[in-house]
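There are structures below to look over.
Shared between the two complexes below is subunit A, which has subunit B as its partner in the first and subunit C in the second.
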Partner chain A sequence: MINFGFSISKPRAIDIDRNNLRKSSEITREMPELQSCIGCGSCTATCTAGNLTEFNFRKVHTLVRRGEYQGAYEEMNKCMLCGKCRLVCPRGINTRGVVMLIKRKLGDF
Partner chain B sequence: MGYHTIVIGGGVAGMQCASELLRQGVAVTILEKESELGGKIRNWHKLFPTFTPAEEVLAELRSRLISSPNLAVRTGCEAAKIASDRVVLTSGEVLECDSVVVATGFTLFDAKVKEEYGYGIYDNVITSADLERMFNEGAVRLKSGVTPRRIAILHCVGSRDEKVCQRHCSKVCCVTGVKQAMELKRMFPGADIFNFYMDIRMFGPGYEEMYREAQVDYNVHFVRGRISEVSPTIDCRLQIKAEDTLTGRPLKMAVDMLVLLVGMKSNALNENLVAECGLKAQPSGFMQPRDSFLHNVESNREGIFYAGAVTAPKNVGESMNEGTAAARAVVEWLAKR
Partner chain C sequence: MEISDMTFFASFCIPFIAGASIMFAVIAVKYISWLRNLPRKDWRLIAKGVFSMSTLRALWEVVRESLLHRRIFKVDARLGYMHMSLAFGWFLLIAVGWAETVAYLGFQWVPLQGHVFFKYFVPLNGITAHKPVFDFAMDFLLLFVLSGVAMAWLKRLRSRALGMRKTTNHILFDRVALSALWFVFPLRLLAESVTAAIYGGGSFLTGGLGRLLDSVMGEGALGYAYEPLWWMYSLALGIFFVAMPFSRYMHIFTEIPLIFLRHYRLRPEAMEKSYDNFEVEACSRCGICIDPCQLQSQLGINEVQSVYFLRDRRYNMLQQKIANNCLMCGRCEQVCPVGINLNTLRLNSRSSMRNIPHEGRYNYLRGVDRSLGEGRVGYFAGCMTLLTPNTMSSMKRIFEAAGEEVWWADKEGGACCGRPLMLSGEVDSARKMVEYNKSLFAKHGITTLVTSCPICLKVFREEYHLEGVEVLHHSEYILRLMEQGRLNVGREQGATFTYHDPCELGRGSGIYDEPRAVIEAVGELLEPEHTRHDALCCGSSVANTAISDAQQLKIAQGVASQLEETGAQTIVTACPLCKKAIARGATRQVADLSEIVARCIK
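Our next item is the complex of A and B:
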């Protein structure tokens, strides 16, 4: 077949109706404090890994909570567990615990 | 003293102002356009952040007014023209007085104006005021009679919106949205509640704590992004679209019910106060106090005072404080005159 250089893009929208929210509910049930995130970005601002790679902890855990698991495990693997994010979080979220929990829940993904 | 003050508006600010004036020996006439005193919270169920029944506050305010020989309550009448020594009613009747307190409050934003949200078009799009009515009636149901399983609450409907000439923030809707989400969650523990917000502005004591409680203990989902439009699904649910701005991705879902947190508009009567009575309004349409700090319950005209949401969106406590402050300013002014 001749390749004309066209392709069909996958829809970018987060579709809450299609996403399987089971894992996401398990995660927030085990660590309800994650729900208290106000999206301030302090964690990402101070993140050692985030300053060297594309890793954005705030964005990844928000996507996971919306049921977007694709690539989340791999992203979380960039975290070096230094814990600076936990020191700065104004809501007192155990961010390292969140990283470990998401990796545990989505490891088989 | 033998003085007589007319308080226009019998909501929380007007009632509190009247009771304070009576306590200080000033005779009061309250003009109320509805058939009874109480104002907007007469239709409210519970008040943030303590979940105090609105009726409890009103009952106390009523009891402070009751059986005072110096009080006259005129319901079902509106003021057409105001001066410091007289108020002309729309009926043409003239009431003499020594000073006037304008406590006419605000107007609820008409959600139909934001047509894209489908209020008045789709059955299960309701406003925060409708939801309070349902709470008062004791049951929140979809039009079909079944209980909702997924509810979206949209903040800032008629607030911070140039398109509907409402640039200001109505201030109390954020915390009302959080309060209503918690009440819905208590009613339907299995339901999913999503609050769509632009900013969460928790300005009062206990409000931020309440927001956190809604997030952590009630598992209310907060999505930062404004719903752009609502459309019906084939099974008569509501399809909503927004941007999840914290992930930078569009987001969509179907919900059973959409609650629109309608904002506070300046009272429709304010235009008349400006045109007929020589009073000044702010660009938002709310009345302009003489000074924002030192004379915030006084108008630009001697002997005419303000209390409550006539000058800006305010919560119940703030409106009552202004009622007290205005009463004090009236008494000082009467003594000095």
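Our next item is the complex of A and C:
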């Protein structure tokens, strides 16, 4: 196959009714502003860690909010907490707070 | 009468004796366990320092700070007087009281209550010859302490009268101890006055009040009040002593060993250790740290200040949201009269409250090198500078004008310096960044490291231990280029600037003069109201992960408005994060130091 430098994700569906949303709702309760995310991806675009590896903050926090916790904690630990994402977020979300909250809540997953 | 025949005991002494015994026992247990748990390294420091000049210097500081409270005088003279009259006054009452018993009885052993309630035991033991000099001295000292108590009452009602915008909100237990302490001295006054009225003695205060009570109440009533008053005085002392080691008043004794240990170079570190107990319990909860806190003054947040943080930590009820809600601007540390390392303690609390993630989480850093160029001078822009491209391009022009060969460490992306992780208590994570960046610096053989970010600067200087590499902030570097004649700048005619001291650069790294010298080379500098050590925080500090965007903006607006009050055309700062934060709250141009220099290059 020709290598285009990117690939297509495997098709999958997230069934929110089946996922356990307890942690997710705890997170959005403590950090309600996370729900105002418009998914613009500015955080990921400026991310220091994302520049060096495939860490994607938008993807991780979006999956976590949908109850997809698998691997989220390990992913989030790649963050260097430098705070660029917070400076560029058009919704003014406290992204560093979100990183620390997700790490705290999902630490035992 | 021979002293062996004298009695120095009455039943009213029991509360005092019991209270004092409990207090000394609890304090002894606390100190012994803290000292025993000191790490070996700290013990070596103590052994090294104890027979040196440090001990004498510590002793002098104890006199200055534990008794005279010089640092509180610097905050406000009225407040200083209040603390001094209570501490130094009480100390003198004890010392002169001891001298008084010696004057009456000679150098003989008298039990503790015999000293404390000496005025009661004088007539009891049939001593009739009074010593007016001591009567006067003791009355004078009692008045001195009472004036402090009166001011303490006033401070509770109206803290502004003593120069404090806001004072500490105490928990119930502290209020009990506080009330007991407030009653100790008025009750002593009454007990001694009644004694003077019945048995003579007393000077202008106790004697005078005694005569007044005598004329109002009559001899019979005074006789009834006599014993109960001594009982109440003893009870107030007893209650205070029992409460003391568990309340804020633990600071009275703890500040003394703390001063000695500090002179032996013991310091709190990134991880909690036994020494921290001395710092935590030396906090008197005076509340001087509250007024400078912008989270209080700008946002009205009232439960996160250092005084409350230390209290919660001491009683093991510290919550993460309290520990995390701090800008670490260091304004409180600057005024703390006990000199507690508030930021370090908060950081090691944060560190203790986190979970430890997987070792390999930053393995992706291995072998990454996107640096550009060659040169002995390395430029580490820092994450935040990468978001302020004007600073980057200005630095580029300055390097070119000075003919400097530069190695660009992170222009195309690099790792963070590690300081933000440290500020969140993730010291082990930060170590990974430190190791990575250090290996990068070593690989490229730089001898000077310039950074535009004070956050990076602080961690480079304090945690990187870069042997053979000089670490400079760009303000220092630019000034050096100017002084060496490698960078010629012209003055902008009529240009006025005001300068915002970034916390990490000013209070954090002690760099105040260099940026000012650079600004004065290109234009006129106008100082804002809060400047240098007292400079405000921009509000966007990476140390705070608790406040919202709107709250950050509000702090920034407060800072921007006091900078604009200077009337300067341009607000200058030397930190990319401060620049971004203040620009959001300002109506005037906000520029980095490098920008105003770059546009004046001849």
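Everything that follows uses one rule, which is that the second predicted complex is superposed on the first by the 98 of 109 C-alpha atoms of A that agree within 3 Å, B and C clash if a C-alpha of one lies under 4 Å from a C-alpha of the other, contacts with A are read in each partner's own complex, and residues count from 1 in each chain.
As a convention for this text, contacts are C-beta pairs under 8 Å (C-beta built on N, C-alpha and C of every residue); 3 or more make two chains touch, one makes a residue touch a chain.
Treat the numbers as computed from the prediction; the structure is a model and nothing was measured.
Novice: Clash or fit: how do subunit B and subunit C relate after the overlay on subunit A?
Specialist: fit
Novice: Touching A:Pro32, do we find subunit B (first), subunit C (second), both, or neither?
Specialist: So A:Pro32 only meets subunit B here.
Novice: In the overlaid three-chain picture, which partner chain does A:Cys40 touch, first (subunit B) or second (subunit C), both, or neither?
Specialist: In the superposed model, A:Cys40 contacts neither subunit B nor subunit C.
Novice: Between subunit B and subunit C, which makes contact with more of the residues in subunit A?
Specialist: So, of the two partners, C touches more residues of subunit A.
Novice: By the touch definition at the top of the document, which applies to A:Arg58: first (subunit B), second (subunit C), both, or neither?
Specialist: Only subunit B; A:Arg58 stays clear of subunit C.
Novice: Which partner does A:Gly107 reach: the first (subunit B), the second (subunit C), both, or neither?
Specialist: second
Novice: If you stack the two complexes on chain A, which partner ends up touching A:Leu87: first (subunit B), second (subunit C), both, or neither?
Specialist: The answer is second: A:Leu87 touches subunit C but not subunit B.
Novice: Give me, in Å and rounded to a whole number, the least C-alpha distance separating subunit B from subunit C in the superposition.
Specialist: 13
Novice: Overlap the subunit B and subunit C contact sets on subunit A and report the shared residues.
Specialist: Shared contact residues on subunit A (touching subunit B in one complex, subunit C in the other): 33.
Novice: Taking the touch rule as given, give the residues of subunit A at its contact with subunit C in the complex, in rising order.
Specialist: Of all residues in subunit A, those touching subunit C are 33, 46, 48-49, 51-53, 55, 73-74, 77-78, 80-84, 87-89, 92-94, 96-97, 100, 103-104, 107-108.
Novice: Quick one: which bits of subunit B touch subunit A in the complex? Just the residue numbers, please.
Specialist: Residues of subunit B touching subunit A: 200, 212, 215-217, 219, 221, 224, 241, 244, 246-254.
Novice: In the complex, go through subunit A and note every residue touching subunit B.
Specialist: Per the stated touch rule, the residues are 12-17, 28, 32-33, 35-36, 38-39, 58-59, 62-63, 65-66, 68, 91.
Novice: Where on subunit C does subunit A make contact in their complex?
Specialist: Residues in contact with subunit A: 320, 324, 354-355, 357-358, 361-362, 364-365, 368, 383-384, 386-387, 413-416, 418, 420-421, 424, 426, 429, 433, 540, 542, 545-550, 577, 580.
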